[in-house]
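These are the structures in question, set out in turn.
First chain A sits with chain B, and in the next complex the same chain sits with chain C.
Presenting the complex of A and B:
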């Protein structure tokens, strides 16, 4: 697609980090407003990375507007098992992504808009950006009771959170992004962001849960489209930028060279789950077998998403000796992932003797271990 | 530094700290001088780092080494937490690199998370991480010491900044080594050094490039590209794969396998499919594939030859016949081969089979396959044809007794007596446990071919089993 000169020049990358090339010409305060054509969370996060790394931001700023199909996005140093119900995500086909900025876990869907403010590191100013958003909201609905808190949230009516913030500071560039709830599925949001996993201990960044509300509930005129327009207008006014919004296709390698690789990297298991800080699982579950209930204790240590230490304690004589150790040994070194348990367990089943009772017990045990993941 | 003369050789004793931080080590250089005048002004003589002494042949130095040490300027530097913005007082450290990792200048060593913001802390210079002063997740304030970096003064080999240190025997980025070697008179490559750490090797690699570029007089034609690099690359075997392979091998050792290849004329199936696929899709909202035909045919055949549906119980030495047919359908996933089971196929019609397969596929895609979905099965069908393979020998899935591998469809002119008419053949490979199926061997393929859907074309003279 034919790009305006401004976009092309803005997105030109400096050759080397320490280039002594003069920053691209243009009046201070020059900038760009981009909106994504895609609702794929990985593609959109990849665009953020791309702009952060490649665009020359010394004298210009960029606003990036994007929305995602249902997805949960966790912060860079969070533990997905602690933050959300992964089983429910899998069941509903909701994607899980890990962003590169810090902060807590959020649920995105098409009723939520995301705003990313790219500036040079010197011009990084979160409060300014959030005040801008509040002004945009008030322009659409003057009597709206919204304000920015000192935790960089935007609250409605003094108690409902409608926007959360996260940011990333690089060496020379920085970005601040925030969400804005227009008409998201609140019940799904709270169901999905509730972790059912017990016994997890880690020093990963924890989310701070808050009561949320949609702007549409407050004022039906506050649709996503109108909000996007209002924020773009306010941004253009504040930063003396052309208010024309440029649409960008995150799959276009010609416009964004290297974007496919970035998108792929964000989708890998090693990034989404493997970047979880080290944690331990210490829990138990009850097995109901033929009128008796047995307690099974499980202890695991997981680093880089892989099980480093695994102990499964089953009451004596319920399973032949050594079989539990067999399972624990197979799991050690595997990913902390239900698929792996399924494949391992069924592989063993294919080779075990024809003892229906044993097979049933094995299935029961493995299925429960699987549910821990 | 002490000087001494021995004959026409100059011996230099240079006390300095060496790479291991031991003081008082002495570097001894034998330098045989033919022209002293050449030393000072010779651009070819350069201490790029102390591991290298590059000599310009025109100044006719030859150098022999006894020991080498590293030159250190400011060797170890402590990097502190950067000041936080906007009245933030503390943050959590998340390490990206570990002790011993080599980093380039500006490469991110850790991130500090402060109040929803992730701040990167880059390395101020190229070097090796010597110590991490805060545990992962530990709290720091602005100015808290974070880590110690031992500078090397040269960037690590660009090719692999994040990989493990290459073993010393591995060749340098071959492009660097090759032109250096090509320029024969210049001793730019060192004799093999003891494998103490990667860092000197890395700096060796890149410093070979810089000085070698200047004095190389070799003709451009000799500039050798990186072909012929004969390095090795070890990847630890996936534990899961190891164990599965071990299990399967154990089971196979008890099986005496034989394989029989046959061709099936697919023209009838293709015709049936072409005729019915649209109404099928409309009625059942499912695609009519080939699997339902294979599965149903196999079900008929297994009922006709029940010994193939049976299994040997090694513990009791009995043959266990089953009156139900559960067919495992092999599916390749990124995790490995999984074989979910379609149960009681003998009672299913094509629509039921397609539905069951579709549901299992959906579960697999969503990572929701439960263990009981994969348990059991009396027979397996593996579809190798999707990969285009013409013939193959699938491995029996223990504890089953047989597996049917379906392969690609190809055109084959059948001989109808007068003139050839085009037919489509699909060779199935049936692998049978010959302890059980020795007798069935002769009957199984025609039982499969003769069943409802795979009728042979009239007059076709196919291979006899």
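Presenting the complex of A and C:
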């Protein structure tokens, strides 16, 4: 366990951590390898923010190793509705997070490891980092067919993606992080990263889907634990850093002052959903009522996760005049969120006359609108 | 990768202006495409050009080359108040998500709507069509803290090594 003062001062003061292998007189050998004790995606993303902002990286490198309990992580400028099946996430209790780096959507679970390479902006070099990872893999499994592509993916056997990369460039510091699939739940991964939502139009950054494979399928020796060790070892060698791994607790405000606020911010609706670039929804659904099937057309414009414009077109006379417009009007200004529809739907039901048929139709309509979100 | 690799010639290097007559403030009628105000640069590779009290902000050619193809521009709302050095948005490129920092203190008056559909304008035309935001200039003296175009050219030569 790191002592609170040791970690912070190590990262902030221009102190030099010399290992026995550091070149004589070379301050470039300063660095740290950190590993998170938490599997909470928000806490771990908060640690990344903390290191990026607080650490003095001018002459220092930091490697951060982390794993998450099941979560989907979208890139900074992505649209979660376009990237994943939010209904399935909610059903399975899988968390949704938005990271601050760019890139596409990924599924994390404990069978996936995350590596973050922190450097000064000048020393930002993704290829170098990924080649380090490949060396670590080959150290454990010499005949492994792995290589880095020009998209900065790592592919296995020439066709299966086992690692994706994203990065963030700040004023003076930068970080590059990547995933590594050891033994993740691939069927769940495919299911959650498949969006069922139709009719979405936006200029959000889109993911590039790839076939994936777990390293454990290739070689049972490639467990998460062994991989974490191998990467740490390779990092220590490459950057002349002490190979000792310092464990950190992302919930410890004493070690990481301000970490709670950062963690909270990453969990807010405003960050996760509200940061979605403006998008429009233009779709329809079929309502089966008694013996007929009716088509309902929905058009919405969503900005900052809130519905700015809403049109719901129901065939004439199925609902009393004006009721449809009333639903559209209540939705305008609300979050594009199924819970909000539930609240609005219930609110109207309380004022509605005791007309079972009307109530049933209303519920049917609202339920289908909910499913768009 | 240089701008030429997209089949687009790099913006012409603009010759420094010389005084036509001693004692008379010079203007640069030969500066093609440049607005009336001269361009100033930050050490983080943003530029600002002030005209009639409104500053137009963008990123330099050096920056757009280093960034690679821009795929998304995240810009602030009109009316946002910015202090010098405040983060006002981000550019996502194939390389990374990169923050944008305000060169001056002021209020956002306009954002470049063309970038929503065509973020690549930042690469193709970083000094003209690829501008990012326009803002008021609350403290004109802050402009003096920024680099002139010549000083910026020297600066990037020094960091390119």
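Rule of thumb we're sticking to: the second predicted complex is superposed on the first by the 353 of 373 C-alpha atoms of A that agree within 3 Å, B and C clash if a C-alpha of one lies under 4 Å from a C-alpha of the other, contacts with A are read in each partner's own complex, and residues count from 1 in each chain.
One rule holds in what follows: a residue touches a chain if its C-beta (ideal position, glycine included) is under 8 Å from a C-beta of that chain, and two chains touch if they have at least 3 such contacts.
Fair warning: this is a prediction, and the values are worked out from it, not measured in the lab.
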Fit-or-clash call for chain B and chain C when the two complexes are aligned on chain A: clash
Touching partner for A:247 - first (chain B), second (chain C), both, neither: neither
Touched partner set for A:37, first chain B, second chain C, both or neither: neither
Touched partner set for A:91, first chain B, second chain C, both or neither: first
Contacts of A:221 with chain B and chain C, given as first, second, both or neither: neither
Which superposed partner A:169 touches (first chain B, second chain C, both, neither): both
Partner chain in contact with A:367 - chain B first, chain C second, else both or neither: first
Chain C versus chain B, contacts on chain A by residue: B
Contacts of A:211 with chain B and chain C, given as first, second, both or neither: neither
Common ground on chain A, meaning residues reached by chain C in one complex and by chain B in the other: 75-77, 100-103, 124, 126, 166-171, 203-205, 277-278
Residues of chain B that touch chain A when the two form their complex: 85-86, 92, 94, 106, 111, 113-120, 122, 136-137, 239-240, 243-244, 247-248, 250-251, 311, 313-315, 320, 333, 335-336, 338-339, 366-372, 374-375, 397-399
Chain C partner contacts - residues on chain A that touch it in the complex: 75-77, 100-103, 124, 126, 166-171, 174, 176, 203-205, 277-278
Touching residues (chain side chain A, partner chain B) in the complex: 17-18, 75-77, 90-91, 93, 100-104, 124, 126-127, 151-152, 164-171, 203-205, 277-278, 330, 332-334, 337-351, 353-354, 359, 363, 366-367, 370
Contacting residues of chain C [partner chain A, same complex]: 44, 71-72, 74, 90, 92-93, 95-99, 101, 116-117, 119
